[in-house]
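The next part holds the structures, each set out as structure tokens.
Both complexes below contain chain A, partnered by chain B and then by chain C.
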Partner chain A sequence: MLALKLLPQLLAWTATALLLLRAFSGRRLATAYAAGAGFLGGTAALAVVPGALLYDMVRGFLGAAFLLLWGVSVVVLYQSNRREGASGVRFLNRAPLCGAVALVCGLIAGATCACRLGSGAAGQLLTPLLLAVAGCALVAAALYAERLLSPRITVTPAGLLAALVALALFASSFLIRVDLFAPLSMKVMKGTHDFVHQFMESVLIPDHIFVRQVVWGYIGIFFSKDVGFWGGMVIWFTPVCLLLLAIRLQRLPKVSHIRQGAQRRQVIARAIKERNLRLAVPGFALAVLIAAAYQSQHPTVEYWDPKPLQLTANAAGEIFIPRKGEVNLEDGKLHKYLFKQGEREARFFVLMAPNGKLTVDLDACAICKPDGYGQTEGTLICYYCKTLIPLETIGMTGGCNPVPVQFADTPDGVRLNAASLLNSWGQTIQSTTRPKEGGK
Partner chain B sequence: MKRLSSFIRNALCSRFLPPVVIGIFFLLYIGIAFFTDETLITLMAFTRASKALAALLALIPLNSALRLALEVARHLRRRRALRGGEVKELPPLFDESVELASASLPEELAGRLAAAGYTVRRSQGSLAAVRGVGIFPARLCYLAASCALFAGILLTTTSRSAQRGMVVEGEPFPAPNGAPALVESIRLAPATGSLLARTLTIEVAPLQPGARRSSFGLYPPSLYGGDFVYPRYMGISLQLRFTAPDLPQPFENQASLNLYPAGKEGSVAVPGSTYRLDFSFDPPPEGGDRYASYMAEPKTLQVKLIKGQDLLFSGSLPSGGVLLRDGYRIEVPAAKRLVVTDFIRDYGVLCVWAAGMLYLAAAALYLPLRSLSPRREMLFVVAAPLVAAHSRAEGKRSAHAGVFHDALDMLDAAKGGEPEPPAGPTTN
Partner chain C sequence: MAAATIETSALTRSYGEICALKPIDLLVPEGEWLSVMGHSGSGKSTLMNLVGGLDRPSGGALKVGGKDLLALSEDGLARFRREYVGIIFQQHHLVPYLSAVENVMLAQYFHSTPDEAEARNALERVGLGHRLKNRPGELSGGEQQRVCIARAIINSPKLLLGDEPTGNLDHKSTMMVMELLKELRAEERFTVVMVTHNQEVAAWGDRTIYLDDGVLVREERTRC
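Then we have the complex of A and B:
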């Protein structure tokens, strides 16, 4: 069961080791030792680093690596009209670099596997130990398998970086707390919204009331959820596509000085063949990134999302929810409610935060459309933008946090003012659904 | 010193400069995103406040301008060379250069190149063959557009100033600059164009003799006293008089209310009391124009009188009319159209508009030129005992390379008994 749970991460780690060994073919053993040591270290982080920090560290590192890939891909594209082969190959086989890269890759792969095991395994010894042994055994297997690979398959420095980052992102896409794609989509959505709004203000475009609905419909695309997904896709795949393009655009060698046509054609054909082979690793990275994005969009996590219970208010306009009635408000789970008054309604939830205090919040935030929240281990997830909100911050305002509602916490239960609740819901919904209608 | 200035010049002209600068701003954006949700606005505020960031941003238009100048010079030099003029250092102007041992150009070379579709020009000691139309005009437009766009962004970010004013019919035009004027009329009407649904026209009459009348529309916004007049929202300016049994004296006020789209409520609180007056326009029937009341005359308002949390009464109140009930008197002697207008001083807007047009021109030129008839050039220069051959292609490179190699083979075959220096590629 454990092996099955870790299968994607271990597969990614094997591929990572294989790539490292092929890229640092001059330093195979040193690379293998460093990678194995890194994996051990990463696994050990489960015992040393507190849970939340470990997740943050892994996600932060992945973000930095992805940014680095972006920078490298732009540089490589800018250099693509040169005729020399890929630069940095000599640099790639220097011992300190081999060791450092392999060590870092091992650390991050080990830490991702540790995150996958979850905080439940932190107190155990056997499970992390088994994982560490499996990681090292896979490095040994990769060391053997690498010798069987065709020598014509070469790895350029940029191609190596792309493949390593892609594999790390793939491994992390199975863990919603370290996955990058979903938060990237959310940031893109917010960034695009801000940019379009600022652009329209900057070039003095009239407000939506003056613009034809069909035209505003097109502008409204930039304010939709889809722009986050598609913008995220563009940012996700662009670096690897730039690398593929750079290889494709690389100029063929000069043959004008060769006076035999057959010889010229031979030189060109060989160069084209080598160029095509160089596409293999970035192409593999592209495939892995597609898998990572798919996995991120189809998480296997099941959220706790109870059907909202309908409530009524008393004559004084007060809503009362007993502390231990039909549901137990103190069980640490999300409890959703629906209050209706005439045509107006409000959806909210009650939750006991990890600090032992009850919090009442709208089932909506001040930014996204009110698709609501689900609960998973240690976090709530906004269904609209897939942002994870730590339970410790529920009840606080800002960002994608659910909008807090004023309530009275009495010994027998929770009391809310129905009018305030309806007003709060109305205001929140009005501000977050306005872009959908085409408002600026 | 010379090396330093050369380094600076090369750095400023480098193709790497724009992505590096954009990358730095992107990293800043990411950094700011950790601390605030208003990332873009914060970054713009930082750039406005920091001379270093503004200078960094200014490197992009500077780079585009320098690259524009360099590419024009390079284009002119290549053109002169192809016309038989003397140009030093030819190889950097072409993609590929090679020298062959040959004292002259064979006669049939021109015919062979012409047969391949090239226009051949022969001059003293050289032969040029060209085909297709270059993308240089598109490139010029693109670089000029980039320069204008980033100059516009820089100007907008660092120097934009905005002042909001209430433009009310029959009242002075509240422009911060320009001659004093009176707002004659505000007209909202359905538009016939394909982009705008409505037109809004603000007619302004000068208060000084000899000055011109002005009329302001929606887009593109016009200038008044150096400021763009940018209408934002529509509303109503109400002259309001309210009397209540428990108020010691009548309340009089000139209230500016944002009541559009119809159905939206605007409030006027009566100071020193718990009275509040909520005004709105009746929403139109399903599918009707929610701005119709703005175009209509006279306007009928819906009014609610609220005391504390209690609704005392509600009713209709035509402009110029009175609503009397239970000792309360609500009077609106006049209701005038109002447009919340921003007066914006920002010449970066002109640069951004120019950039948009130039980018469109660049795209319109590039696609057909590059795909249908890309520029291909060859130049053979005799400098006995060698012939220097240069080649360049903007597209259809393989076919062009084939013709070029054939030409070189012909040159090689024609050299006869001449001594043969080692052939090899020149630096390029």
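Then we have the complex of A and C:
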């Protein structure tokens, strides 16, 4: 069961090791040792680094690696019309570089696997130990398998970076807390939202008499989820596409000095073949990125999202929820409620924060459509924009945090004012849902 | 680039119980034009196929241009044929739905990569500059054979093999093709092995060998 859970990460790790061994084929053993040591270190981080920090570190590193890939791909495209070989080749097979790259890759792969195991495994010894052994065994298997690969498949430094980053992103796409694609889409959506909003504000368009509902309909496109998704796709795939383009644009060798036509053509044909083979690794990276984006869009994570319990208010207009009644409010889980009064209704939840204090919030934020929240380990997730909200910040206002509700925390339960709750819900969803705008 | 030297030692080829080529020792120095004569079934084409890497011997040794053909793998043999040998057949074996220039480019494609300008140039060298876009069906027998010559020499082979290349041609076309081959050989300096029934055609070579029932029975120098 554990192996099945970690299968994508371990597969990605095997492919990573294979790529490293092929790229640094002059120093196979050193690369294998460094990769194995890195993986052990990454796995050990589960015991050393506190859970939330480990997630943040992995995510931060992946973000930095993705930015590096962006930079490198632009430089490689800029240099693509050079005749000499791929830039940076001379750095390959230098001992410090092999060791450092393999070590870092191992650390990230190990840490990603550790994150996948979750904090539940932190106190155990056997599970991380098994993982570490599996990681090292896979490096040994890759060491053997690499010799079976065709010698024609070569790895350029940029191709290696693309494939390593893609594999790391793929491995992380199975973990909602370290996945990059969903937050990237969300940032694009919010960025577009903010830009359009600020633009409208700055030119006072909202008050203009000529901006009719049909125009707002078109403007609403910029606020839709699709903008975030497609914008995210562009940012996600552009660096690898630039690398593929750079390889395709690489100039063929000069042959004008070769007198014999057949020899000339042979040199050109060999160069074209080598160029096409160089496309293999970035092409593989592209396929892996597609898989990562798909996985990110179709997460296998199951959220804790209970069906809202319907509540009523007493004659004084007060809603009371007992601490330990039908549900236990102190269990650290999200408890959703629905309050209806006539045609008005409000959806909210009660949650005990990690600091031991109860918090009551609307099942909606001040920005997104009120699709509600689900709970994963240590975080809530906004279903609309996929933002992860640490439980420590629940009860605070701003951003995509759920809107807090005034309540009285009493020894026997929580008490809310029904009218205030309905008003708060009404105001929130009025500002976040506009008919025919298809968005916030 | 040096042309091929052919060395055979006790070279044989059997098909079941039929021995098409009995142990034959032959040395063809580089740049020589060797004519091979004999009756039908005497082993002429078998010898040519072995030398060109189209077939594998049953025994003996065979070296072409220093390469031991018996030691080559299938891939190695294919590479040898691609880079080393040009063949002109009696039946032209041109692709009927491709133009003359495209037929030549096809040979370039299998060798390395097509180059239309070079293919056009090759056809102009064989006097077909005005027939580039014509398909084989629109060309005379002599013209088709000239396309075959252009196709055979386009990859600068070191060994040119002809299996009765003028067998289907009238006297005038035959002389034209032979004159062309002589000119090209002088320019490209390849070794030629040409199988023929025609004594007049054989006389264009430097040396003629005669095969009878798979045995080399006689050889004579036709030119100093």
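The rule is simple: the second predicted complex is superposed on the first by the 409 of 440 C-alpha atoms of A that agree within 3 Å, B and C clash if a C-alpha of one lies under 4 Å from a C-alpha of the other, contacts with A are read in each partner's own complex, and residues count from 1 in each chain.
Heads up, the rule we're going with is that contacts are C-beta pairs under 8 Å (C-beta built on N, C-alpha and C of every residue); 3 or more make two chains touch, one makes a residue touch a chain.
None of the values given here were measured: they were computed from a predicted structure.
Asks: Could you say whether A:I272 touches chain B, chain C, both of them, or neither, answering first, second, both or neither?
Replies: second
Asks: Which partner does A:G261 reach: the first (chain B), the second (chain C), both, or neither?
Replies: Both partners.
Asks: So in the superposed three-chain picture, is A:Q198 touching just chain B, just chain C, both, or none of them (first/second/both/neither)?
Replies: Touch partner of A:Q198: chain B, not chain C.
Asks: After lining up the shared chain so the two structures overlap, which partner does A:Y144 touch, if you call chain B first and chain C second: first, second, both or neither?
Replies: neither
Asks: In this superposed model, does chain C or chain B come into contact with more residues of chain A?
Replies: The partner making contact with more of chain A's residues is B.
Asks: Can you give me the overlap between the chain B contact set and the chain C contact set on chain A?
Replies: Shared contact residues on chain A (touching chain B in one complex, chain C in the other): 261, 264.
Asks: Please give the residue numbers of chain A that touch chain C in the complex, ascending.
Replies: Per the stated touch rule, the residues are 260-266, 268-270, 272.
Asks: Can you list the chain A residues touching chain B in their complex?
Replies: 67, 71, 74-75, 78, 187, 190-191, 194-195, 198, 202-207, 209-213, 215, 254-257, 259, 261, 264, 367, 398-399
Asks: Contact residues on chain C for chain A in the complex?
Replies: Its residues touching chain A are 1, 83, 108, 111-113, 115, 118, 121, 154-156.
Asks: Using the touch rule from the top, collect the residues of chain B that touch chain A in their complex.
Replies: Listed in rising order, the residues are 15-16, 19, 23, 27, 29-30, 33, 37-41, 44, 96, 98, 156, 160, 191, 194-200, 218-221, 228, 230-234, 260-261, 291, 344, 346, 348-349, 352-353, 389, 391, 404-405, 408-409, 412, 423-425.
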